[in-house]
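Written out below as structure tokens is the structure these notes cover.
Chain lettering (A, B and C) follows the sequence in which the chains are written, and residue indices restart at 1 in each chain.
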Amino acid sequence: MSAPYLEIKGLKKTYNLKPILRGIDIVLDQGKCMALLGANGAGKTTLLRILACLTKPVAGTVSIGGLDIGQEAQQVRLLVGFVGHQPNLYDELTIIENLLFFGRMYSVKKARERAAALLQQVGLARRSNERVGTLSRGQLQRLSLARALLHSPRLLLLDEPDAGLDDEGIELLEELIREHAEQGGTTLFTTHNFERAVKFSDQICMLSGGRVVYKQATTGLEAGGVRMAYQEALR
Amino acid sequence: MALVKKEATIEQRAAKDGTNKQATRFPVASIILGSLSLIGMMVSVWMIFLYAPMDAIQGNPQRIFYFHVPMAWLGMLGFVIVAIGGIGYLVKKDERWDWAARASAELGAFFITLALITGSIWGRTIWGAWWTWDARLTTTLILWFIYIGYLMLRSYMGRTSASARAGAVLAIIGVIDVPIIYESVNWWRTLHPTAEVGVQGALPPSVVLTLMVSLTTFTLLYSFLMIQLYQLQRAQTKVQQLRASIE
Amino acid sequence: MTFLLQVQAILWKDIRCELRSKQTWISMGLFALLVLVIFNFAFDLRVDNKAAIAPGVLWVAFVFASLLGLGRTIASEQEKGAMDRLMLCPVDRKAIYLAKLLGNILFIVVVEVIALPIFAALFNVPLFAGELLPIVLLGTLGIATIGTLFSAIAAATQARELLLPILVFPLIVPVVIGAVRATGALMVPSINEPPWLGLMMAFDVIFLSVSMLMFEFVIEE
């Protein structure tokens, strides 16, 4: 039986005195993958940003790999790989320079080899020396994934990772998530696509108005059922 | 920085207490401080104009001294309290420290402005010039700029935690800097001695007594006003929270 | 050690990004040219006691030029208003401050490298022998320590170009007074001059430490 890797209890966040998260409780076991669904504004991005230690909650606790994000944020950052809405890359630097810079920041050993291997995997090896500013949306997304995986994180946080990816890219995404799980890593990703949510994940969780309104394991579940449950939950 | 396990906002505290005690509590402190200030003011004014001796060199205008010194003192004290409020906020993450900081900033800015004006008037009566670059007046002016910068910053950034933190940092840097500023201006001034605004030499007991009474009165007034402004900050935050929860 | 490596990595990254942007080259070049021309006019002081005013002119010009550059290092880190790229990394926030500080100092130094030879030549102040360099370095450090911290604060507001000078000027008064007087003392030695270099050194040490500690409160959300 796997132990919980991610534990969120009573998480609350307000922004400009406006409540965004009103008490989130989520438990995710190690090696599992959870898909987070919800309308725009439900709080998915905010939740992921809190887990990535980019912003602080107003109340509640989050433990990642046994570490409290409040007290041990720097150690948590080492464990977490984050892909957000922005590519989080430096336009003026080349692909390889970007990865080497982040390698320095995360103290990655043998960074060059690791970067080369990841670039090969995401299909950008031939463009290593091109500036990031010249890449297309899909290429940026792939590079973002490479950057998130560079330091071999234990927890992957992906905010709409499928946005901007073509079919090949989606296959790559699925492959990366599976590989990550096989190596014992945990994943939490958000999406608007019910099919992918069911296909890639072990668990589905739905947010609405800053609260969890639906939680379900995906074995035996199909996209149609999820969509209906979603409409139900929104009522 | 520690994660807050419990919220330190009005709603949560009220929910815990069961009632919103502060709103219904009888304002004991305010009444005491208010009445003491009023009495003190009356005593001070009498002492300043009738009891204190007339200065041999400067004449009657010297009595501005009894207003100017307490006002400058409150301006300095106010800033120290802003800094303390800032440190408190950074350490405790409780917005109440920030309310105190903002209240003291408004109050302190007001008093430092009065200190500048009274200092200027005083200089005019002694030296005939509306401004002299003596160390105390100059440092007061710079502190005035720091106050204004603080108020502008807080105003631009609104009522967010980022705003509170920025204010705290500014206040902490400022409070460490002001003594250094004073020293540097002092050194500079000794090279170009300019007209000084102040009283020289040993002060007779009646002068000292009047000054002490005036100082105490103004400090009481300050405390009274601090409570009012603190409550105002509290109310403003609550209004904003309510407004945000409706939208 | 990791700390210093990270400072170096961030600084190098910033420099590379600036150098690669064509905009930077053109604007820096024009800026340098402007500084050259303006300083020439500024130092063309046809007054009797120009030696008395020159230090003031020099330092006021440095302060204003610094303010132009201070916003850049922080602004370049922001992507749609957030510094996520860097904040995601487990890098000590003090290291980020140091890297940005060094970047700002570099910018100010470029301006000084252009202006100082003119100043030294016109007013017969020894540039390398003697104490002009320490004064310039200490003064620059003083302006940059406060400036870097507050550029991070001002970056969060809309009126950042206006707010930054308003916040920074009052706080750097000791440095400006010290630098102006110390430069003046070099040109026209006087007796009983207070220890300005010591004051500037104390200022720099105090505010470098305080700013480094305060920086994380300012950039963390």
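Assume contacts are C-beta pairs under 8 Å (C-beta built on N, C-alpha and C of every residue); 3 or more make two chains touch, one makes a residue touch a chain.
On a predicted model such as this, the values are computed, not experimentally measured, just so you know.
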*How is the touch graph of the chains shaped: line, ring, star, complete or other?*
complete
*Geometric centre: closest chain by C-alpha means*: C
*Could you quickly compare B-C and A-C and let me know which has more C-beta contacts?*
B-C
*Could you pull out the chain whose C-alpha mean position is farthest off from that of chain C?*
A
*State, to the nearest whole Å, the distance from the C-alpha centre of chain A to the C-alpha centre of chain B.*
49
_Distance from the mean Cα position of chain C to that of chain B, given in whole angstrom_ = 32
*chain A and chain C: spacing of chain centres that average the CA atoms, whole Å*: 40
*Could you list the positions in chain B whose residues touch two or more of the other chains?*
1
*So which stretches of chain C touch two or more other chains?*
220-221
*Which parts of chain A, given as residue numbers and ranges, touch two or more other chains?*
56
_Interfacial residue positions of chain A with respect to chain B in the complex_ = 12, 14, 16-19, 56-61, 68-71
*Could you please specify the touching residues of chain B with respect to chain C in the complex?*
1, 90, 142-143, 145-146, 148-149, 152-153, 156-157, 162, 165-166, 168-170, 172-174, 176-177, 180-181, 183-185, 187-188, 190-191
_List of chain A residues in touch with chain C within their complex_ = 52-56, 74-75, 77-78, 80, 82, 84, 86, 88-90, 92-93, 97, 101-102, 104-107, 131
*Touching chain B in the complex: which residues of chain C?*
146, 149-150, 153, 156-159, 163, 166-167, 169-171, 173-174, 177-178, 181, 190, 193-194, 196, 199, 202-203, 206-207, 210-211, 214, 217-218, 220-221
*In the complex with chain A, residue positions of chain C that touch it*: 2, 5-6, 9, 13, 16-17, 20-21, 79-80, 82, 84-92, 220-221
